[in-house]
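Mind having a look at this structure? Questions to follow.
Just so it is clear, A, B and C label the chains in written order, and each chain counts residues from 1 on its own.
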Amino acid sequence: MNDTLNLLIGLAMGLNLLALGTSRLPVLIRTVAVQGVLLGLLPLVLEVHALDWRLVLITLATVAGKGFLIPYMLTRAMRAANIARELEPFIGYIPSLLLGAGGTIAAVALTRYLPLLPEHTGNLHVPGAMALILTGFILLIGRTKAISQVCGYLILENGIYLAGLLLISSTPILVEFGILLDVTVGVFVIGIIVDRIQRAFDSLDTRKLTALHE
Amino acid sequence: MPIYIDIVLRLLLWLLLAPLLPGVINKVKAWVAGRQGPPVLQLYFDLARLWRKGVVLSTLASPGFIIAPAVAWTAVVTAALLLPLAGTGAAFSFDGDVLLLVYLLALARFCTAWGAMETGSAFEGMGAAREVSFAVLAEIGIITAVLTLVVQSGSIALSSMFEPLSGPGAALLAVGLFIILLAENCRVPFDDPNTHLELTMIHEVMVLDHSGPPLAMILHGAAVKLMLFAVFLAQAVLPLSELPLLISVAALAGSVLLITVAVGLVESLTARLAFKRVPLLLTIGFLFCLFPLILTWMGES
Amino acid sequence: MNAYLLIIIPLAGAVLAALWPHKGTRPLLLPAVGLTHTLLCLLLLVKPPVVDPAAWLAFDPLARAILPGVSLLFLICAWYAVGYLRLKEQDNRVFVPALLLVLGLLSAGHQARHLGILWIATEAVTLACVPLIHFSGTPRSFEATWKYLLVGGTGIALSLLGSICLGYASLHGGGSGDITFTALLAHGPDLSRAWVLTAWVLLLVGYGTKMGLAPMHTWKPDAYGESPGIVGALLAGGVTSVAFMALLRVKSVIHAAGVGAVADRTLLAIGLFSTLIAALFLLRTRDFKRMLAYSSVEHMGILCIASSLGAPGVWAALFHVWSNGLTKGALFLSAGNLQRAADSSSIDEVRGMSKVLPRSSLLLVTGMFAITACPPFGPFFSELLIVRTGLAAGQGWAMGLFLVCLLLAFFGLSRIVFAVVDGSPRRKKTNTSPFRESAGLILPPIFLLAASLWLGLFTPDLLKSAWSAAVLQLFPTP
């Protein structure tokens, strides 16, 4: 179980780096989708000995939402805005890659000093969550196109979801569903706003959103 | 068997088998393109032909122009002798020989660059600058991969360094070392060996002015270097030390062949990267080598 | 059951409004639902229900102390909305349901006794406010909405992480990882210290972003500046109170875990920082809607300062939630009138409004005096109580800094309000019909100011006992 867990989370962490290094938006969106699917499968792995229909349901909903519905909405927004590439971001590709890698290493190193329950030590669960959150922040802060920032937000949410899985045995299903619903609706709303911004400013370059200031 | 016979046999193995690899690559590329392609033994015929030819020397060049290919070839072959071959051990083995290997490869590159700049032509200088700048980034990758193996096995002698890594670590290291292999051996997507436009050459432009036997040494040295990296990659990733001797040698041969075919496929199917994107791919290769290091570190504690 | 009704009625109203075919009569649903909601809240205020400790949603003493005020604010704003939406030619098919949705979700958030439900409600409120903020449809409003979404979304994500850390603290301490406040309080001393502190920092940053504390306040001037007056009033009075209540609930858990001193110190620091930043920006802003946003930041800082002063401080903070909410509501509504008439909110373009809209200008001036703690309005009494509590708790320097910031804020606010109100109005090509101050647009702010006045002068004993009961819930051991 630990090995499958490490494999899935390790792949997700690898996808982090792909997200940080790519400049093409379709690749970024697909990366986030695959990461969502990988993490969505984790409840089945973690609770493999206590499977029940609710767990399967939440897994299916997460995979469907993060893997298909949300990327579909983002792709639609991207097509409507007719962009496919990121411009030179604030934090360049190589610095973001190195920051992300450095953060991942730091996460692995720091986890040793956190007080963890015995079943969570020695695997990639907590470092993975920290690495995903850091990657999400780097993308959120460092990119200029609105859709890239949204992808950063989604990776941040993935990291928090991974952290939330630490409590999987005690979190009620309703709460899980509520959180998933909120994230999905959030992306839907963001998609609408992105569309409106595109129509109003004729660009999704957030550096153009500077009219409001003191 | 006596040590000198062992060394001679290994030397012959490396020298004679190395030219096969570029032949295999070209054959794969031809098949993918739907052609017959040159015979697999083509490089042997090329080397023999070049050996019989005379040398065209520039009047500006110093004796360094002739010495450089010789020193480079010697360095590469010595480095190859340091590599163990799947349980049969290496020709020379001592603690820290991996550092000597890295430095010998660097020496070879230095000599090639020196030889290139001897002619005083602008293209060669440009190629040398590009090659060396990419090599710096590739070196980080190799050092990290070596560090991973050192931490995993606990020894810094090449003959005992190739302990098997855990599954994901081996996969990551394989990809990382493959990217480094492509970079160091000037293959697509870093450099196109078939280009005839000097402005787009990196490695080719450095050997543009050589002819005759020195050119033969350069081509042969490149083949040995490719085989060196392939053998290194195969042994770093596959758990060859756990298999019985004959099977491990056969597995090594098979995997070197597989790596060569993979290089050929990558050359056929991908396009060459724009220069400013090469550092990005090399950083990615470095990171692919870095993560097995973290995994082994984590596994240690 | 009644607690759930408070949530279901507005949500049902939202669905009804979304399906309602007539644009003209749709806004009437707002005061209808609002009145029902407020009456129900008052009923529960007078006769508090018995709270099941294990319930996830319940009208517990803390909700009883705050929710009726939010409900009253919504009712008055709903009354204003009828007159306001009549003037707007845009379709209100999304605006009215969104407002009702916000009311329902605010009720859920206030009554949430489970960290997860609290988070879901707060995030949903964030999303429900989005169509409200860009109602005017200008590019500037989309820019404001984008910043609101991104900063607010990140903050909310961090508060979810904080909630998870708190749950893990319980799990690590041998508990079940149950994140209802009852369970967390019961396990108080067992909670793992490191995780509790991490959780506190994350939750403070997360819910502090929602409240608009500095330095996470950057979305506030843009969002409040570009959204309609009603939305500003609700955001400043209702949404911030949910976030503040979340902080109060979490703080009680931190106290139970034994690291309450750290929480108090951080709250005091961030509160003072917010008031200072707000005061400094008030001195330089040139827009009267953004001025209100900075005033909101300042008052959130005041709430934090108050809640760091122990039980009497929290009592004063609850008093201030009411007085701030009501007064801010009046300010936002009258400022909305002025902006609508002058078609701008910058003091470079708006002048002499006392001649154009005499009643709204008078309300703005009165509201400004009220919010800067001029007696006999509510904020004066609540802020006076906070200062006295602070001095009694030995925080002399902090109170001194606090008073200086209040003074600077007064300079900033009065500067802008008088610049807008005095002088002679600019000549504009009036091809649009002049803005008439109908009763529906003037009476609501008057009512809110009167409520604030009444709260200050004759604070009802019912409210006082409600606040005391809430404080008792938060600090169970004296």
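In this text, a residue touches a chain if its C-beta (ideal position, glycine included) is under 8 Å from a C-beta of that chain, and two chains touch if they have at least 3 such contacts.
Because the structure is predicted, anything quoted here is derived from the model rather than measured.
Chemist: Using direct touches as single steps, what is the fewest number of steps from chain A over to chain B?
Modeler: Minimum number of steps from chain A to chain B: 1.
Chemist: With chain centres defined as mean CA positions, report which chain is farthest from chain B.
Modeler: Farthest from chain B by mean C-alpha position: C.
Chemist: Which chain's mean C-alpha position is nearest the mean C-alpha position of the whole protein set?
Modeler: A
Chemist: With centres defined as the mean C-alpha position, give me the chain A-chain B separation in Å.
Modeler: The mean C-alpha positions of chain A and chain B differ by 38 Å.
Chemist: Centroid from C-alpha atoms only, then distance chain A to chain C, rounded to Å. What do you get?
Modeler: Spacing between the chain centres: roughly 31 Å.
Chemist: Starting from the mean Cα coordinates of chain B and chain C, work out the distance between those two points in Å.
Modeler: About 66 Å, centre to centre.
Chemist: With touch defined as at the start, can you tell me which chain B residues reach chain A in the complex?
Modeler: Going by the criterion above, the answer is residues 167-168, 172, 279-280, 283-284, 287, 290-291, 294-295, 297-298, 301.
Chemist: For the complex, which residues does chain C have touching chain A?
Modeler: Touch residues, chain C against chain A: 114, 116-117, 119-120, 123-124, 127, 130, 134, 138-140, 142-147, 149-150, 153-154, 157, 160-161, 164-165, 167-168, 171-172, 176-179, 192, 194-195, 221-222, 225-226, 281, 284-286, 290.
Chemist: Given the complex with chain B, which residues does chain A contribute to the contact?
Modeler: 3, 6-7, 10, 13-14, 17, 21, 93-94, 97-98, 101, 104-105, 108, 112, 122
Chemist: Touching residues of chain A toward chain C in the complex: what are they?
Modeler: 114-117, 133, 140, 146, 149, 153, 156-157, 160, 163-164, 166-167, 169-172, 175, 178-179, 181-182, 185-186, 189-190, 193, 196-197, 200-201, 206, 209, 211-212, 214
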